[in-house]
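These notes open a run of structures that come right after.
Note that chain A is present in both complexes that follow, paired respectively with chain B and with chain C.
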Partner chain A sequence: MTAAAHDLMTVASLTVDYRQQGQWHSVIRDLSLAVRRGEILGLAGESGCGKSTLASVLLGERRGERRLRAGSVQFDGIDLSTLRARELRRLRGVRLALVPQNGGASLTPTLRIGSLFAETLRAHRPHMNKAELAAEARRQLSQVGLPDPTGALARFPHQFSGGQQQRIALALALCRMPDLLILDEPTTGQDAMTRRGIIDLLIRLRLSSRMSMLYVSHDLATLSEICDRIAIMHAGEIVEIGQMEDVLLRPRHPYTRALVASIPRLEAPPDPALLPASRRTPERITA
Partner chain B sequence: MTAMIRSTAIVPQLHIDNLSCRYERPHLFSGRRNKTPPAVDDVSFAVGAGETLALVGESGSGKSTIARTIAGLFPAAAGRLRYGGHDLTLPVERRAAELRRLIQIIFQNPDASLNRRHRIGSIIARPLRLFFGLSDADSRQEVASLLEAVRLPTDYAERFPSEISGGERQRVAIARALAARPSLLLCDEIVSALDVSAQATILELLRSIQTQTRLSMLFITHDLAVVRWFADRVAVLYRGHLCEVGPVERVFAPPYHPYTSLLLEAVPVFGRRREAAGDAASPAVTSSPPTTGCAFASQCRHRIDGLCRSAEPPWRQVAPGHAIRCHLEASDLNRITGRAATGARLQVAAAQKS
Partner chain C sequence: MTDLSVLLESRPRPAGRRFALQRLPVSAKVAGLVLLAYAAVAMLAPAIAPYPPNEIFVGSPFEPPSAAFLLGTDSLGRDVLSRTIYGSRTILLMGGAAAGLSASIGGLLGMFIGYRGGVLDEVAMRMLEIIMSIPSIIFALLIVGSLGASAPLVAVTVGLLSVPNVARVVRAATQSVASEDFITAARARGETSLSIVLRELLPNVTGTLIVEFSIRTGYSILFIGGLGFLGFGAQPPTADWGLMVNEGRGTIDASIWPVAAPAAGMAMLVTAVNLFTDGVNRLFGPAEQGGVR
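And now, the complex of A and B:
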């Protein structure tokens, strides 16, 4: 198989600049990356490393204060920079979807959840009647584990908790069945049970569809649960990329090693200095 | 039950006895108060001097409400709250200055808790002026040493909150809390929004300050991997009800409360991909908790029909200082939840270490 055939999205030697007080600063430097068809690729790094900028560029978003200085972004062989705004919108609506970092903020506050779904679904399934639209919206909402999907359709976004808003944003993205779903920190700040619910849903999708996903997060433990491959980003560059097990269990780059070492884990004790005084003696667990 | 939880070697300082809190708004037109289920229901625990108690649970479990009640920012509907000789049922504005100084709270989001129009130096100097009457000139040296204590460059005093990163802002919030020289720090999800290296820096910082000053901490979080290594004891909260309290080593080993077991299973195993989704979604949480029986009954995999939904579960002491609130006996819990994947996982880890 050629590279083009099994890569859905390719980024080649990309350099992205931001303008700040009249000066251009590069936030992404000579970055190359491919999302393969059907894979879940994790993109990890600390805040400020350029992860979210990359996600936004991959969606073809254009902003005044930003420029692509070099390189290209291709989606299924189409160079995003050659598309007109309308073509780009169509691509984004149908084949490319984003669940933004603060999913709740992406929901139009004045529209009921039912209308949000109707709007999104109508663009993709024009033949659906009102009852079918509502049924599909309910199905999507229960799929993301939202309690009382029927009641939810009549409510406004602000009537849901942050975690629920995030799941609604995810359901809205999923109902388009995109080829590539970009998730920007979808579980950050969510509690363990909500995170588990979202991860379970993504695993089910991974098993049942050929949807590709780019999962952007600084939470390496969560990434390791679902990703096929992981890319580690630091200061605008990819410093290490490979199979999840290789990158996380046998990291080669010093930055990856430091990142992996700082993760709090249930199983492995951290630096003993972190333990409270009462627990610095060896721990004994009696079952 | 209260006596049981206090049976630790350390002398407790903060006592919370049978605390209940309720969010109720009078109806817009009738003025009638609708009876909402309590956000915190009959919760008792104690925190000793120099001790870290982690309060864990999902969002909406009442963790923050408890912290805000202790800080005097939210009224208790019922219960006794004491700190040393002080009565904590008074709202913050009616508390003695000394008590306000002793208990400090740090919130999850430093963007919201730091005044963005003030320079960092004046943010940290404020408690110094308020509690110790220091003049601006006198406080300058103190601000510098507080910035050093949280490992920030001293010239940050001249900066505005917007000019530094999120992790650094959280350190400023900690420096401001420490400026009051508190003896109890209420930490409400203070590392949840930070990435792992900033998290590690802040936890390590709090630990070293605690070692020097015997600071007590109520550490609210939903991250069990942090609790596992950072806390002395842990209290598990489910929808306003306490369901398990004990030393971390005990709570993270069988027998588990069925809810604790579920929480532990939800923690990802680092470096292991899951090839199957969890055994279906847990039954959807109903919007209001049941009014009778165990609060967790509707979600519990080990529910005894005819008992759990109707009768309040008893507290069972399963080990010194370790109590579980469940209808199931410790031996049954051990058998049922001890086999869970997480139990095995943690025991393997413990065996490898010893």
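And now, the complex of A and C:
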């Protein structure tokens, strides 16, 4: 099998500009990347480096004050930039899905969870009846570990906690078992237990299906747990890409080294003498 | 027994506004009661009007107010009170229809161009601005003058003339909602533009639409009254307030009542609509809970 046959999503020499006050500014520059079939690719980088822009470009999003100046985005051999709106819509939610950064904000506040599922499922399978829609929604909610899926369908998004909202957003994205799941910082802002739950869920999902995932995050520690490969993005460019262990243990680019060095570690307690007085415990104060 | 806390917990946030009417300012509550009274009078007109509105010489011309004719009679001896009561039907129906038309068409148009954005938005906005730059009264007189005056045509004309105003406001409200994450998420799920506009956007701009409907109701009532006065509204012998003022103004020396009654009716109606709109704006307006316009 050739490398191209292995690749599900291919980004080649992509340059994306944003317009600000009448001027075009490049936020992604000559970026090339491939997500292979069945792999989880991590995309790491600081805030504002263009990660979320890249994620939305991969979904074929064309709105807003921006343009694709150069390059191409191909999904399973299909050039997304050449697709008509209707063709793109057929792809989204079925073969391509997004889990947004803020699960709560991504759920329409005026719709019950059941309606959100019904809309999502009906967008691509208009002939499903009510019973089938409800059964499928319950199945998806159980899969992401939401308690009382039947009761959840009748509730509104604001009646769930942040972690539960994120799980619902994930369940909506998984509705059609897409070929590629794009996760845009799905655990950012979540507490440690929720983050753990979402990561475990993704790991289980990965084991049970051959779904490809692009996991966008600035949190290297999280990425190191679930990703096969990782791409480091800096100022709109991919500065390093490779197997997880290689990049984390033997970073070559100075930015990657700085990023790896900034991962918080549980180490031996610091020398009390070096701590500021306010952080010294009484026991540690020496005479 | 129903547990109240369960009911409150399951209460959807936007639907919570159903109870918002209770939080209206006192002036708006009073105005609401006045409007309800107007609606009741209009609906019960045949039962409460002492005489048929168009029957001439039920009394002598220009009779002053008396027990038989509480607001006197006009130049043709018709009962002014009965005509004023029936006139409320015409104005409420035409004003409501015009406001409903402008809110629905303008609302849909505003949501659509606000959501789609880009060139379509630019072109549509410039066209709406061009339409808005032409004085409405000239437009209305041109249309009604060339197609013939009739109550339905006047209502439709006045309604359509307000479409640009509603569309502009709703477009602005839509733009702020369209940039929300849940709209992006709906697109990412592959939903159609129509589904997004009707299911995701509409429930989130309802407050703006309600305020616009109220504003347009007051405006339409005045506009339709004005057209009626100019002879371009409902035609004689219809009991129309604008028309009644026009018919009575030539003989105002003989009796002020045929002019004063419909004029006062309209003044009170528009004042009530405006006060009610102010209150509604505070609850549902663009800046919510403070409503700035």
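Quick note on the criterion: the second predicted complex is superposed on the first by the 258 of 287 C-alpha atoms of A that agree within 3 Å, B and C clash if a C-alpha of one lies under 4 Å from a C-alpha of the other, contacts with A are read in each partner's own complex, and residues count from 1 in each chain.
Everything that follows uses one rule, which is that contacts are C-beta pairs under 8 Å (C-beta built on N, C-alpha and C of every residue); 3 or more make two chains touch, one makes a residue touch a chain.
Quick caveat, the model's predicted, so the values are computed rather than measured.
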Contacts of A:Val16 with chain B and chain C, given as first, second, both or neither: neither
Partner chain(s) touched by A:Glu61 [first = chain B, second = chain C, both, neither]: second
First, second, both or neither for A:Leu111, with chain B first and chain C second: second
Touched partner set for A:Ala192, first chain B, second chain C, both or neither: first
Partner chain(s) touched by A:Gly93 [first = chain B, second = chain C, both, neither]: second
Contacts of A:Thr120 with chain B and chain C, given as first, second, both or neither: second
First (chain B), second (chain C), both or neither touched by A:Glu245: first
Chain C residues within the chain A interface of the complex: 9-10, 12-14, 117-118, 180-182, 184-192, 195, 199-200, 203-204
Residues of chain B touching chain A in the complex: 10, 50-52, 57-60, 165-167, 192-200, 203-204, 207-208, 210-211, 222-226, 228-232, 248-249, 252-254, 262-278, 281-282, 284-287, 334, 338, 342-343, 345-350, 353-354
Complex interface listing, chain A residues touching chain C: 56, 59, 61, 63, 89-94, 97-98, 100-102, 105-112, 115, 119-120, 123-124, 154-156, 158-159, 169, 172-173, 175
Contact set on chain A toward chain B in their complex: 46-48, 145, 147-148, 161-163, 188-197, 199-201, 203-204, 207, 218-222, 224-228, 244-245, 248-249, 258-259, 262-271, 273-279, 282-287
